[in-house]
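In the two complexes below, subunit A is the common chain; its partner is subunit B in one and subunit C in the other.
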Partner chain A sequence: MAKVVLENVTKRFGDVVAVKDANIDIPDREFVVLVGPSGCGKSTTLRMVAGLEEVTEGNIYIGDTLVNDIPPKDRDIAMVFQNYALYPHMDVYNNMAFGLKLRKFPKDEIDRRVKEAARILGIENLLHRKPKELSGGQRQRVAVGRAIVREPKVFLMDEPLSNLDAKLRVQMRAELSKLHNRLQTTIIYVTHDQVEAMTMGDRIVVMKDGVIQQIGAPLEIYHKPKNIFVAGFIGSPAMNFVEVVIRKDEQGRYWVEHEAFKLRIPDEKVRELQDLPKYVDKKAVFGIRPENIEDAAIVPDGREDATFVANVDVVEPMGAEIFAYLNLGDQSVVARFDPASTVQDGQQVRVYFQMEKMYLFDPETEEAVA
Partner chain B sequence: MEREGASPLVHLVIILTCLVWILPTLGLLVSSVRPAHDVAATGWWTVLRNPFDLTQYTLQNYREVLGAAGMGRAFVNSLIITIPATLLTIGIAAFAAFAFAWFQFPGRDALFLVVVGLLVVPLQMTLIPILRLYSRLGLAGTFVGIWLAHVGYGLPFAIYLLRNFFGSLPADLFESAFIDGASPLTAFFRLALPLSVPALASLGIFQFLWVWNDLLVGLIYLGGSPSVAPLTVRLSTLVGSYGQSWHLLTAAAFVSMAVPMAVFFALQRYFVRGILAGAVKG
Partner chain C sequence: MRVSRSWTWSFVAPALFFLGLYLVYPTLATIHTSFLDRHGEGWVGLTNYVYAFTSPAMRTAFRNNLLWMVVFTTVTVGLGLLLAVLTDRVRYEGVAKSIIFLPMAVSFVGAGVIWKFVYAYNPPGANQIGLLNQIVVALGGEPVGWLLEQPWVNNLALIMVGIWIWTGFAMVILSAAYKGIPKELKEAARVDGASEWQLFWHVSLPYIQSTIAVVATTMIINVLKIFDIVYVMTNGNFGTEVLANRMYKEMFQFRNFGRAGAVAVILFLAILPLMLLNIHRFRRQEVER
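And then the complex of A and B:
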């Protein structure tokens, strides 16, 4: 068990900057998730912590030790690979025991640890099978088991669930979370799936193009995204963005204006957005999550100055919810309605925006308006 | 995944190809069991007139070949030459190929290019310079000399073949092993070698056949001295310089074929497909 600290870490492959000036401070026992689209540098960051890639600039500490020049085997870490990387010619037992044997653990200790890990993961009956005789989910468990038996300071996981089918992925997600509660070890987990990040992480590190965009607890990132990228990446379906102009009337009330609507910004939101006056009569990017758009027929107490009529292009009934694609002239906005909504394709619908949950971004810097 | 149904035409072509391919060997086999005067007088296909007339067959040729002076010694010499030349080649090539495939060191790619480049150098070009070197070092006519020669001629191809095989092993496996605490040597012996048995076996067969069947290299570096001459060199002396008594050569060819056949059938069971299955997904 140990904390992990990345200090101004940069990784270059030739002229390509894969990771740029990353600073991450991971306390002991935290489950931190690195998330971002492919090629954002998240795997490279993990591999630098593992020692599989050299750090170009900056320092990485595991515990209080500077590990930049320490080889992987001496870092006291264990890694679970996306492809499992099981040793094909060894059975499950030997796959899990391999690392302990190399470290010259006594035989009975190896046996105890392997059986304990197998019990935790429910693979006791598979110990004498070869990897090729296992299903994807079972191989995944063996790969996790191989990491557990080592009882390392830090677990590193590189997209461990991305090769599993959807149902199994949800199940393993919960199991890994349970495992973390049980083992109480620092885990660094890489994924491109924002749902995995939201559900598993104590904290999330959102990356893009090698640069860390935001670090925070899942709900903090969901509620207070720092920029358009983070706002659009976290949450499903993604947040809607509409280019608007900010207006201020004689009574001192603020509005967002678009060809399809003019909606009032509530006073508490105005107080929150201290830079708002700078954007009066200027362009801004207005953000609203699909779950914050309501069918006015179902939420009749919606405020009149946040309600307007929109054309519905397509309706996707999902059972527990309804996705409606609203046509706002030059662009389309997704709304997530209550299943009681009776809206149909091609109809008009009165929609209510929960404006206290709106977001505003600068169109140039794409940063959230403070 | 349905395979295209092979048409009768395809079958016909394949069967004809096989027949054409097998014809010379068949001729050799038939000739080897015919009496010397028959061989000299008529072609082997003459037996097809009465294939079941057993009086036209004889094992006399085999008796003569096996009974010829020095054959036993030559057979042992062939083994003494071939086995170390095969094992040394595979051993050295495996180490080199592993380094070329998985280590980072300056000049790696250039060095590998040189090794691959050596594949196109005809070995005949090297005979005279190396023989001169051998005479100066006292290696001419010794087993050590011919081992070195065969290993040297075999290595470029062996390294090339094994490097490509090692290179195709999933990188994750080695990274996983390194994190598990493996040294490069452990990774080589516990991962790379066990996973490469099919490649090592095919390389073993190739190298064994080359060395076993070699006449030129043996003749040049060992000379005709019966104490060191391999089977091939001994057999070639059975035939007179004017090509007389070549009926013996047919039997000799089959005698010398026996060992390579045994090696092939012994090792071919290691051509196990899918030995990597289950290592990584996909």
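And then the complex of A and C:
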């Protein structure tokens, strides 16, 4: 159990910068998720914490120890790999016991820990099987078990669920969360799946092109994304972005104007966006999440100045919800309608934007308008 | 589509015919000959086998084949593995491996001739044309009869030549297997707390053990059949006789068909189980893939 601190950490492979000036402060017992598209440097960051990659610049601390020059075996960490990396010639028991044997633990202690971990993970009946005799989900459990028995200061998990099928992934996701509650250990978890990040992390670190974009609790990142990338990455389906012009009328009301619509920005939102006056008569990127677009026929109390008519391109009924692809001039946005909506392909529909949930970004910097 | 049985056989028949003609028939004929006299005419029962297991020449050959088997196999596999692991970490891996593999391209006879020069011996005082003895003399030592001093020096000197040729081969095969070890597996072991040595011993080595076994059995088969090096360098004199060379001598120098046949059968029977083992392993690997 220990905190982990990354201080101005940079990793270069030749001329390529994989991770740039990363600062992350992970308190003890936190479950932190590094998320981003492939190649964003999240795995490299994790591997630097593990000691499998050298740090080019900056410092990494585990507990209070500077670990830059400490080899992986002496860092007291355990890692779960994407492809599990089980030792093929050892049975499940020995796969889990290997790390303890190397550390010269007494036999009965090893036995106790392995059996305890096997019990927690429900793999007691597999202890004498070889990895090749196990299914993907079982291998996954063994890989986690191998980490648990070590009782390390920090767990590192590199996309541990991405080789599992969708159903099993959801199940293991919940189990790993439970496991964290039970073990109360610091976990650093890497994934490209924003759903995993949202559901499992105490905090999320969103990365792109080797640069940390935002660090925060899942809902904080969801509600207050710092820039267009984070806004588009977190949430499914992704947030819609439309280029608009900000207008201010004689009554001092603010509007977002697009060829397909002109919608009023509610007063409380105007108060929130202190830099808004700077964008008057200028371009801005307007963001709205699919779940914040409604079929006006179903939400009759929607404000008129946030309602307009759009052409429906395609409708995807999902059962519990309906995804409607709307044409706004040359752009397409996705709306998540209530299943009661009766829109059809090719129809026109009156849509209502929940403008109090809108986002606004600077088109140059792509940062959220403060 | 159903294919009639006779149709199937007609495809297999040519291969079966030639295998029978060139493999099965000679084998059976050799076994038959091994029970006949020196002209391959009169039945002599087990006489040739009695000779093969009791005569001093043959006992020397057995001893030497055993020596070859142990030393040659251990060194080629061990050294090959060591080189496979070491070259994996050097910058000019390709160049280093090519150089080590190069002797494989030299024929055994050629290698025999080359090493005969290296081992050449002149009595003390005379000019040493042999590289090895020149070095020994230059360092102030007495020249050594590398191919004369029996039983250890000359046999080991011959085995050295075999090792020089075959180590590169063992290295290449083992290196391919070593490179096949998944990177994550090594990383997992490092995180688990393994030192480089423990990693090699507990993870890498078990991972490539079946390849090691295949290379080792291949080497043993090689060594049981060893002939060219001995034939060229000593012709089995000074206690360096081996089975294959003895077989050749019985057949083509002493014209004793029966004895040559018996030695051939013994060699065949010695190699057979190893061959089967290799085939079995190979099949199992195919299944696992």
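In the analysis below, the second predicted complex is superposed on the first by the 370 of 370 C-alpha atoms of A that agree within 3 Å, B and C clash if a C-alpha of one lies under 4 Å from a C-alpha of the other, contacts with A are read in each partner's own complex, and residues count from 1 in each chain.
Following the convention adopted for this analysis, a residue touches a chain if its C-beta (ideal position, glycine included) is under 8 Å from a C-beta of that chain, and two chains touch if they have at least 3 such contacts.
All values derive from a computational prediction rather than experimental measurement.
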Fit-or-clash call for subunit B and subunit C when the two complexes are aligned on subunit A: clash
Once chain A of both complexes is superposed, is A:134 in touch with subunit B (first), subunit C (second), both, or neither? first
Looking at the overlay, does A:122 come into contact with subunit B only (first), subunit C only (second), both, or neither? neither
Now for A:163: first (subunit B), second (subunit C), both, or neither, which partner does it touch? first
Quick check for you: in the superposed arrangement, does A:317 touch first (subunit B), second (subunit C), both or neither? neither
On subunit A, which stretch or stretches are contacted by subunit B in one complex as well as by subunit C in the other? 50-52, 71-73, 77-79, 81-83, 85-89, 98-99, 102-103, 132, 146, 150
Contacting residues of subunit A [partner subunit B, same complex]: 50-52, 71-73, 77-79, 81-89, 98-99, 102-103, 130-134, 136, 139, 146, 150, 163
Interfacial residue positions of subunit B with respect to subunit A in the complex: 170, 172-173, 175-183, 186, 190-191, 194-195, 274-282
Residue positions on subunit C within touch of subunit A in the complex are 182, 184-185, 187-195, 198, 202-203, 206-207, 209, 288
Subunit A residues touching subunit C - in the complex, by the definition given at the top: 50-52, 71-73, 77-79, 81-83, 85-90, 98-99, 102-103, 132, 146, 150, 156
